[in-house]
Amino acid sequence: MTVVDTIVYRPVRDELAYTFGGRMPVAHLRSGDVLEVFTEDCFGGRVRGPADLPSQVCQMPYLNPVSGPFFVEDAEPGDTLAVHIMSIIPAREWGVSSTFPHFGALTSTSHTATLQPPLEERVWVYGIDRDAGTVRFQATETDHNVDLPLEPMIGTIGVAPGGFETRATIVPDTHGGNLDTPLVRAGTTVYLGVNVHGAMLALGDGHARQGEGEACGVGVEIATVTTLAVEVVRKTPTVWPRLETDTGIASVGCARPLEDAYRIAHTDLVGWVADLTGMDTLDAYQLISQAGRAPIGNVCDPNYTVLATVDTALLPGGCAAYGGVHARLRRAAEPR
Amino acid sequence: MTVVDTIVYRPVRDELAYTFGGRMPVAHLRSGDVLEVFTEDCFGGRVRGPADLPSQVCQMPYLNPVSGPFFVEDAEPGDTLAVHIMSIIPAREWGVSSTFPHFGALTSTSHTATLQPPLEERVWVYGIDRDAGTVRFQATETDHNVDLPLEPMIGTIGVAPGGFETRATIVPDTHGGNLDTPLVRAGTTVYLGVNVHGAMLALGDGHARQGEGEACGVGVEIATVTTLAVEVVRKTPTVWPRLETDTGIASVGCARPLEDAYRIAHTDLVGWVADLTGMDTLDAYQLISQAGRAPIGNVCDPNYTVLATVDTALLPGGCAAYGGVHARLRRAAEPR
Amino acid sequence: MTVVDTIVYRPVRDELAYTFGGRMPVAHLRSGDVLEVFTEDCFGGRVRGPADLPSQVCQMPYLNPVSGPFFVEDAEPGDTLAVHIMSIIPAREWGVSSTFPHFGALTSTSHTATLQPPLEERVWVYGIDRDAGTVRFQATETDHNVDLPLEPMIGTIGVAPGGFETRATIVPDTHGGNLDTPLVRAGTTVYLGVNVHGAMLALGDGHARQGEGEACGVGVEIATVTTLAVEVVRKTPTVWPRLETDTGIASVGCARPLEDAYRIAHTDLVGWVADLTGMDTLDAYQLISQAGRAPIGNVCDPNYTVLATVDTALLPGGCAAYGGVHARLRRAAEPR
Amino acid sequence: MTVVDTIVYRPVRDELAYTFGGRMPVAHLRSGDVLEVFTEDCFGGRVRGPADLPSQVCQMPYLNPVSGPFFVEDAEPGDTLAVHIMSIIPAREWGVSSTFPHFGALTSTSHTATLQPPLEERVWVYGIDRDAGTVRFQATETDHNVDLPLEPMIGTIGVAPGGFETRATIVPDTHGGNLDTPLVRAGTTVYLGVNVHGAMLALGDGHARQGEGEACGVGVEIATVTTLAVEVVRKTPTVWPRLETDTGIASVGCARPLEDAYRIAHTDLVGWVADLTGMDTLDAYQLISQAGRAPIGNVCDPNYTVLATVDTALLPGGCAAYGGVHARLRRAAEPR
């Protein structure tokens, strides 16, 4: 029987971090440890009703806080940090979403700059029913409402970047960060290349759910209690974030324009599949071309996110990525 | 009981079309008619084995042939043509895919032009087992093989463009064309805005299946016998192609860069949902932001394709798009 | 002494063309002929004052008319048509510009689609002083005005596309079309690859001047009398439009996103310079990287335009592109 | 007479910086001070001949070093730092350029990822003749050579970013950084928004010259002795970098895709011109659309750079940007 330490961490407001890198660790983890961590929502909990317009109650750059960073012992540059998400529990009975001036996919923005005024800023409050497994959408101008499936996910998870960089938590890139993909959910293992001594893991920005692309720029934002297990895969570099579930593997690309995110993710997945199966690169390219899926994460953040994913059942000869760490952490995560 | 005419059309080689627009009709259809049409594969059936390199056995612009165009009576500019796909049957026991010089998502191309030589041109032949419902991938350099689900789709379907234009069949745009989305499959209704008297419907480019984005630029290409029913929705314009299934609706955006395809599709879907439900535009934007999905069609054609789609069960108050034509054609399509 | 025929053509309204391809020729030209042609402005002359809002007085697709097409004898697919611009004379004493709903670089558009309403539609009328060589900008909301240099150019020039396509005149692509670059001015030779028997040259969309990128989507639009000389360069294909002046050569790329237009133009220019000088491709790449310029044509049309250009004085060994046809036509164009 | 302090700074190798932000200052400046600073080339001086392949002699992330940062007294967030470039003197008699694996505009890259192998890595050495004002290009595979004008510029200049970020010097963004535009030359004033106490100015990456877009990813790289004067413009924010010369003003946009860089720069310039002249925004948009130029900086760095620029002579009523600081620093920079 493995003895597993469980570290519990709940940040006070001043401990919240707004960057990956450039911060001192809030706690230390070892391979095999389980971490139970409270994460605030992307507004720092300040948006609680229709009158709390984000651009008024929040102050730049104090958006999208993460909890951490956590120093992972024995994690060194050139290693990979495997983070298995065991559970994501909404911490409150509500979530919020909003439009935000010149932010989102269906508006001009600071970068897709135009001379048009912004869309109206508006807040939506969702009721969360954990027992029913639903989040309730309520229209603001009419009586329309509908229950959507509760599918909790972590929007932002990453490690300190390399090259002495410090990046705002709003940014997704090679170090992870604001990936905003629904696939970072309970049961998924996230692989992140380690860039600095101790990796410096941090996470936050839970969503009760989000659509593909996060069109309005904001999911159903929630605070969470998230439980995860970590393991260092030694001397195994990872360039772009990767994910593994019980049924599939995925590479994550973060870039603009969106096709570059697609290219990154698929080039990475083709190489990964060639490595795992022993197939020639062009054969792997062909197989992914017919069997792969390409879910869009976000089309609103400083880099857009696209995943390249394939069911492992469609890979000849099966798959034991990163020495089988996903299966190992998955088992460890089961109730004993 | 409705009397339905079934038109059967099998083009001889010289009848194949390589454009939307600029062609005389091969047959006439009326609203309610059923059409059973043979479609050639994208290579005109010329690629049958590893030695048949497409760049050698095919000649530009004789690629991606379609069957048609079909003149639809009473279809006028400002109307919408509803095309319900009843079945897509692979016409042969094999399909083919390939790389093609400077074409595809993971290579430089004629437009993402670089000084690098092209990837190796190579052909893959897939065995199709209609009874088992599988297509068999066989690696070329190793013994790896795997069965993938047979999921027949039509890659190219459209009408004559407006503005006196004639477009190559390789192009997806407002008139439809080379959409390359797996959602154009049996059970789906395709809505196309009519630009010219008679609409001039044509289709081809069947795939036994394809991955999202069609990364290598080529699906598992097949000839098909496709059966469909048409109906003209009068005085109802459609700007971008739309799709409806028993469970969802989708808007199709075709553009480069890929985020513009996303923007087009989502802006269209938000407006469509607002129209169908009576919700305010920003409320529809919010709902799609949390409930929508954004499957990528192709990232290789002259325009890329992204869909914006939502389950109709997640729309408050239900949905009867285009006067319920999908349900009507669906019923008519059932065996009597 | 060369005997040169001068063909004079002034279309009546019904003769104006709105596509490249799909039209019967209005006249025939032979190599060496000089053509004097009247071209209407992009609004068909319908916008003459502040009250003539383009979206009201013009009707789609009757925008951006061209004069032609002209059948060029002996021009066959695989040849290049050299068109030397001898002079561009504004045909009226005024030009107009405007904003246009959801068109232009600093607004969301039909393709960069957002939920925002369009910018205000407004018309600017410019006075043209041919003697002074100026166009006068007059602000609409204040008394500000300023004289800008008169620099007449042809926005749209091209031949029939290949692949049986017919393209709207608003589109720039391999066949030329709506390039919208100030370099198409008197003294420049335009090289266009011939796609169909007779080439089918057409031109229009004169500008008294325009900024780089044509930010608002509309130059200072004018009718012109344009004089040009043509010559067929036999058995010499041209893929993308090219330009030559007395001091430089340029390749034109048309694509979205804008970096693809840059890549196309520069890949073409690098190959052209390698051919002209006998240098290795990477040496030509290096030289263009340090000596090249990349003026932006348009950032508003269906494809954006970027040029790659280099002064021929910076090319080792000089330059006699297309067998010296530019110098030959230049001399022929001089007053005798 | 103004008393001006001249600070001279020559970094030793260990003092070179590879980020903006995250560093302690190397010296303090006050408004009006003149700084004479030695800057290393982008390779840290390690590439001196054909055998010195950058990927072998340089080590990531130790590329593109800058000298600094310099703490500017009284510079606070919300202010603008004006940096007037007085002179840029090449520090050696040679410069170098190269291709670099999967970096540059005419190759697939880490982000425009493809399965193709990289272009050959190769080094070009240029002779610099300061008296003649030339840099000599020498082909590597043939005897071709040509003298190009010596036009020294600073590729990388910036301040510490906001939001607690630290960015690699290879990145251009709102804080400046690797703008790679030839307009940062002697006689130009650079305006940078101050994000942190003391601004933390740094610069490096001199080029003897570069083409527009820096196609191969590398200019004619040189070490320099650069002399500049600084002044803090109080309580005047600047969002994106701006430039001023004796004849024009320019806004700099940094983004991908390239059209977003164009949109940023032009939206900023339109607003700036409206502010300076008192014209309505749409009038300024119209004027820039006809009178503006849009030189491309780089199409190879993590963000691409486009400038929007206009001659001040074409602005009604003249222009005294930032309280006339350019003219003031220009005069101060003249030999006394």
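Lettered A, B, C and D in written order, each chain numbered from 1.
By definition in this document, contacts are C-beta pairs under 8 Å (C-beta built on N, C-alpha and C of every residue); 3 or more make two chains touch, one makes a residue touch a chain.
All values derive from a computational prediction rather than experimental measurement.
A.B. asks: Going by the stated contact rule, which chains contact subunit A and subunit B alike?
C.D. replies: Of all the chains present, those in contact with both subunit A and subunit B are C, D.
A.B. asks: Which chain has its C-alpha centroid at the greatest distance from the C-alpha centroid of subunit D?
C.D. replies: Comparing chain centres, B lies farthest from subunit D.
A.B. asks: I want to compare two interfaces, C-D and A-D. Which one has more contacting C-beta pairs?
C.D. replies: More C-beta contacts join the chains of C-D.
A.B. asks: Where the CA atoms of subunit B average out and where those of subunit D average out, how many Å apart are those spots?
C.D. replies: Distance between chain centres, rounded to whole Å: 48 Å.
A.B. asks: Taking the mean of the C-alpha atoms as each chain's centre, how many Å separate subunit A from subunit D?
C.D. replies: 35
A.B. asks: If you average the CA atoms of subunit C and of subunit D, how far apart do the two points sit, in angstrom?
C.D. replies: Distance between chain centres: 33 Å.
A.B. asks: Any chance you could list the residues of subunit B touching two or more other chains?
C.D. replies: Residues 106, 112-115, 119, 256-257, 263, 266-267, 270, 282, 285 of subunit B each touch two or more of the other chains.
A.B. asks: Show which residues of subunit B lie in contact with subunit A when the two form their complex.
C.D. replies: Residue list for subunit B touching subunit A: 97, 99, 105-106, 119-120, 122, 124, 135, 137, 139-142, 144-146, 148, 209-220, 256-259, 262-263, 266-267, 270, 277-280, 282-283, 285-296, 299, 304, 306, 314-317.
A.B. asks: List the residues on subunit A that touch subunit C in their complex, please.
C.D. replies: Of all residues in subunit A, those touching subunit C are 106-108, 112-119, 257.
A.B. asks: Give the list of subunit D residues in touch with subunit A in this complex.
C.D. replies: It comes out as residues 18-19, 21-22, 60-61, 110-115, 162-168, 253, 255-257, 260, 263-264, 266-268, 270, 281-282, 285.
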